[in-house]
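These notes open a run of structures that come right after.
Heads up, the next two complexes both have chain A, just with different partners, chain B and then chain C.
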Partner chain A sequence: MTEWQTDVSDGVAVIVCPARVSMAVAASFRDAIAAAVAQAPKVVVDLGPTAFIDSSGLGALVSGLKTCRQAGGDLRIAGAGEQVRTVLRLTNLDRILRPQDTVEDARRDW
Partner chain B sequence: MKQLAIRILVLLTLTSGTLYVGWRWLFSVNWVNWWIAVPLVLAETYSLVDSYLFGLTMWRRKERGEAPPPPEGATVDVLITTYNEPVEMVAATAEASERIVHPHTTWILDDGDRPEMRAAAERLGVGYLTRGDEWQDMPRHAKAGNLNSALFRTEGEFLLILDADQVPDPLILDRTLGWFRDPEVALVQTPQWFSNVTDSDPLGSQAPLFYGPIQQGKDGWNAAFFCGSNALLRRDALMQLGIVAYVREVERAVRDTLRASRRVLDKAVARARKDTPELVPSIGLVLEAVHVAQRRLDEGVPVSEVTFEFQQTVQEASRSVVSDDLAAIRADLADLELLTGESLDLLPVDVDAELGVPVVDDAALDQLARRDLSPLAAVDSVRRLMTAVDVDRADEAQPMMPLATVSVTEDMATCMRLHANGWKSVYHHEVLAHGLAPEDLRTMLQQRLRWAQGTLQVLLRENPLGQRGLSAGQRLMYFATMWSYLSGFAAVIYLAAPVVYLCLGILPVNAYGLTFLAYFIPYVVLNQLLFAVIGYGVKTWRGHQYSLALFPLWIRACVTAAANVWFGRPLGFVVTPKTRQARQPFPWRLIWPQLTAMAILVLACVVGGLRLWAGTTTSVIGTGVNWLWVAYDLLVLSVIIEAARFRVPEFPDQVEERAA
Partner chain C sequence: MTGEHYDIEGLAVPRDMEQLHDLLERASTEHPHIPASDVMMFETAVMELANNVVEHGRPVGQVAWRFSLEVSADSLTARLADSGEEYAGWDAAASHDMPGEMAESGRGLPLASAVLDELDYQRDGASNVWTMVRRWQA
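Showing the complex of A and B:
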């Protein structure tokens, strides 16, 4: 069971991802986003430590975006590395979610 | 060796066919009687195209043999889909699934949400899934929706999809998983075989030509089809498909809505200029936001950012519109009430019941634009429009639909998207699951209709010939299957032409002389020979009979699918019952078109004979050719009578088992 570290400050929840965001953790990832939204509907997903993400991981991001928007908030992603950016490009998901360089960039103007 | 023989025969058949049809067009169309002559030569051309597509399929027939051993540590979910099938039947499938040797988890996906099914799952110790609350009042997408929902609640790397009646062999995973060692393989399809079918198979349930040479041929072009059951899928490929489709649909819906909003706002500005000039700047602000959003999308700014900014601007603008003067507000309230009274009906953005994606309805949009809305109402409707298509796809229970929901048979559309995204598919020619075929004519006809409609929907919505990402061979392999479903129209002509000749003496062909036979005979003989070699040891005659004998059904499928895709008419979706329907008398109403055709054919032969005897006609060859033609038609059509009279032999234990 992966631990999802969530820090809430100034009405923004930051979820720090593990090294692998894959099928095995997709369900707990979705739960983590839901829990974060309950505290603050503006969520930043920090992909800094993540070296590998698969389509199920991306799927969790998409459903997380839905959860946030429904709660009147938003979801942004930050710190994506090379592999993550490649997958985002491959699936065109970067047409929906713009990868921000750092968590600070992501929280700007919120 | 056999493959070489097939290729030679394909070449000979196509050459002789091209010569024959070429001769027909150039030298033997009886233009005087064009009303029958032209349809006939068109029908013959249709058949020749069919031969070409079939020849192409056979050209690269791939016999794979054994799969390598399964990848180490592969995790598998077995997903058994059910809606209303008897609990005992599903339980039997689940029990068999538990006996599969390779490690896996069994799940029953019960779209019927039945307590007794849940209890059976618990008793067997297998997983049980129903749709979550989020699907309440949402487009459900039948089986595709059921599987999509389950995809987010299970986590195996590979999925084995089984219909409720498909009892798997214990070795099904060990025999097939190995193909996934190639990381680009997304699908392994195995044959569908039915255990409740007699040797003569009067309902034509087995499809040995399809689950054999045809799938092997498609496999050679990397286009083996997904057929909805008895297939393994790579989860990652499906999820990727879901994301790609999600991005595409969202972006399209947002663009459509922005265009729609622009029209609504232009109109509102015009009205405000007249009535409430002080509001023009506020609406102008929203209009400007629409322009900005469109421009930013074109610049490649992510959709979520564009819509987020847009929503914020609109919110501010509507606040400033509201805070203006009181008299205007009163007018607004009246308009708003009108709007909310009709609520969503008025929104030109709706969710297509079958596609499940937001679509902009032009007619409704025109209506909205004509409504002459007050500024506040206009801004409010724009705001609601955007919410309807926002990135979260609020209208869908799940933001992603990995399995295509574009057609009532999800399999082909999904498979085409997999191929278009660069994935490979495999046809594994070994029966590893045994299912139950329909046992009466009505059920069988419903099933065929559903398949045909689904295939034609895909053709009309996502024509494979124009799909980016597919190779030329793949495009043609998809097209070949769709093309074959148009055969109903050709069949009517093939039935009508001899009747016209025998009764009226009207020749659609210039001469039924020796020239005709010289062109026609080689084509027909070679064609039959090709089938005999390809289908050696396989019963292909039933399938051949049904492709002609079900002509009313194929035509109906074409008409309803076109009406659905072009005019939004409902198809009347039916779940194929897996159990025998109540005992019925001879089903006249199901097959009256075929019976009528047969009666007319017989009558025509008699009339033809009388005309020859009376000397009204002199061509013995002409009458003879048409007699033979009619005899062949009758032989083919006779299958429908056999099917209508067919009753499954009743075994007491079987009745008990199925009746529950």
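Showing the complex of A and C:
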């Protein structure tokens, strides 16, 4: 069972992802985002440690984005590496989840 | 060294599928001529097909799979065969259609198609067989 580390400060929740955001952890990822939204509807997903994401992980991100927006917030992603960025681009998800270089960048002007 | 085969097998459950990451990492380490970006995209496709077997394999939890990988000078070829019931969801013509941005599922096969030069499904006797090929400039 993957532990999802979430830190809330200044009204923004930051969720740190594991090395692989794949089918094995997609359900717990959704739960982690829902738990974060309950604390702060502005959520940054830190993909810095993530070397690999699959379509299940992407589905969880889209689900999380909807959950945040329904709560009056938003979801931003930060620190995405080459595989994550390529997959976001190929699935057109970079249009709704624009990757920010760092968590600090994602928090800026929020 | 090229032309080498790797074979592993397991059950169609997420835990067993994680072995595929390790196998591709090993193949990459043992064959430094494979461009890193090609391994990365091939791994993306392999895991999507593996997920598809987990998600659609029937009877649930009882489907066995065998994965074989062949490394050549300018390509990676994988064959993923499973013992499940015939897969009814394959439509070669529609396999490239990416769902809308707010969809929460349906990206697996389009993503695999996007990063492969060849993706094919065949029902072979009692097995579903997926063949995946990615090539690069040697």
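Worth a mention:
FYI, the second predicted complex is superposed on the first by the 110 of 110 C-alpha atoms of A that agree within 3 Å, B and C clash if a C-alpha of one lies under 4 Å from a C-alpha of the other, contacts with A are read in each partner's own complex, and residues count from 1 in each chain.
What we mean here is this: a residue touches a chain if its C-beta (ideal position, glycine included) is under 8 Å from a C-beta of that chain, and two chains touch if they have at least 3 such contacts.
Since we're looking at a predicted model, the values are computed, not measured.
Residue contacts after overlaying the shared chain place A:69 against chain B, while chain C stays out of touching range.
Shared-chain residue A:108: touches no atom of chain B or chain C. Contact with both chain B and chain C is seen for A:59 once the two complexes are overlaid on the shared chain. Judged by the touch definition given at the top, the superposed model places A:20 against chain C, while chain B stays out of reach.
With both structures placed on the common chain, the touch criterion links A:92 to chain B and to chain C.
Overlap of the chain B and chain C interfaces on chain A comprises residues 23-24, 54-56, 58-59, 62-63, 66, 90-93, 95-96. Those residues of chain A whose C-beta lies close enough to touch chain C in the complex are 20, 22-24, 52, 54-56, 58-60, 62-63, 66, 82-83, 86-87, 90-93, 95-96. By the touch criterion stated above, chain B contacts chain A in their complex at residues 152-153, 155, 157, 235-240, 242-244, 246-248, 250-251, 300-305, 308, 390-394, 398-400.
Of all residues in chain C, only 14-15, 17-18, 21, 37, 40-41, 43-44, 47-48, 51, 54-55, 98, 101-105, 107-108, 110-111, 114-115 touch chain A in the complex they form. By the touch criterion stated above, chain A contacts chain B in their complex at residues 23-24, 26-27, 30, 54-56, 58-59, 62-63, 65-66, 69-70, 74, 90-98.
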